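Next come the structures, one after another.
You will see two complexes here that share chain A, one where it goes with chain B and one where it goes with chain C.
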Partner chain A sequence: MGFTQVYDYVAGKLDWLAAGLPIEGASAAHPRAGDVARPEVPTCGLEERLEDVQARVRAAGWDACVVVNPERVVLGLLRAKELDGDPDQRIEQAMRPGPSTFRPHVPIAEMAQYMVEHDSQNAPITTSDGRLVGLLRQQDAVRTAHELHQHHHGEEGGPA
Partner chain B sequence: MSVPTEIDREEVRRLVEQGAQLVEVLPADEYEEEHLPGAVNLPLRRLEEQATELLDRRRAVVVYCWDSA
Partner chain C sequence: MTQAAPALACAACDKAIDCCEFCDRPDCPAAFCYRCVSVALGQATSDLHDHGG
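Up next, the complex of A and B:
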């Protein structure tokens, strides 16, 4: 057929979505986990002292902190419970290691349902190679899913 | 078409910046749902028949599916 420069993106659309890269199409406008996650969540490293991180997190008005390595790969999570621990601990001892993480392309309604069913207040959203995109709060996921549902109901002429 | 060279995500971005044509070979309804920015849809069963019609053979072509399965 005369095509001499042909390439195969083997990992495909799933890889692209999991990396949180832009997409086009009907579902592009629907909010996903990566759109609602908060990128400004405080982060810290394994070697820091909890006391120092506690002060920084509270000053920023948060009750959670994500533990990352220098490449921003997620290693652990400090929720309110962990942040209230012994301030002399290193983060590596204090944190909740290996938290469940989710990809940016997961629909927000799905995330909201999961987080409520599993009583998960915070969900780290990461790319397919584990780098932090942001922290998704349950309240944000539920609110956005509710707004989306209301919007669709309104469009279909259903009850307000 | 010549045997495709396998590439990763970063190479896709680089090639697209250089003017490559992106082609999604999944069925139309999957393409409509979401696709890479700028990609055209040529489902696999119509690829050979419509490639020369819809694509510029002077430019690189990057094809993709859902995943590697």
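Up next, the complex of A and C:
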């Protein structure tokens, strides 16, 4: 068939999707959690002091920070509530450990629906081995899902 | 005397859980277990067969 480079991705299709790798097909153009998540979310390490992180996060205009290790594997989350804690604490003491994380290929409409139903403001998006892709904010997820819905509605209701 | 933690069950499969695996809240009114959240969001596939082969 003329292919010169062929690989067998042993971990399987779902792992490929979960790693945020490129996809093709009819639904490939639909935005997914990994497309909408913000990769520029502030990060910090376990050993830092909350006071230092508070200043950095607020200067960047954020109200959340993801705690990662040197390989960017997610260890915890600092939401507004945790960021308002005792500034003398180390991050390890202040963070919410082991937050639920989600894969980049999850359709944005489903993430938006679940985030609204569960009143979840932020959702860390990670690859299947736990590395941070970005932080998905509820307002971004809802806005994108709404735009997608409008786009589909426009296509279905277009001129005959 | 200590009080037992409130019982929480997965809204989809009724499995007993400590907290919702979507929002991490122990008082979530629509709590889901890890398995059901993963399947619902397409992060895992449901079992294709309920038998061994």
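Everything that follows uses one rule, which is that the second predicted complex is superposed on the first by the 149 of 160 C-alpha atoms of A that agree within 3 Å, B and C clash if a C-alpha of one lies under 4 Å from a C-alpha of the other, contacts with A are read in each partner's own complex, and residues count from 1 in each chain.
Simple rule for what comes next: a residue touches a chain if its C-beta (ideal position, glycine included) is under 8 Å from a C-beta of that chain, and two chains touch if they have at least 3 such contacts.
Please read all numbers here as calculations on a predicted model, not as lab measurements.
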First (chain B), second (chain C), both or neither touched by A:26: first
Chain B versus chain C as contact partner of A:14, first or second or both or neither: both
More chain A residues in contact - chain B or chain C: B
First (chain B), second (chain C), both or neither touched by A:96: second
Touching partner for A:6 - first (chain B), second (chain C), both, neither: first
First, second, both or neither for A:119, with chain B first and chain C second: second
Contacts on chain A seen with chain B and repeated with chain C across the two complexes: 14
List of chain B residues in touch with chain A within their complex: 1-9, 11-12, 15, 20, 24, 26, 31-39, 48, 51-52, 55, 57, 59-68
Chain A - residues contacting chain C, complex: 14, 18, 96, 99-100, 102-103, 105-107, 110-111, 114, 117-120
Residues of chain A touching chain B in the complex: 1-17, 19, 21-28
Chain A-touching residues of chain C, taken from the complex the two chains share: 20-25, 28, 30, 37, 40-45
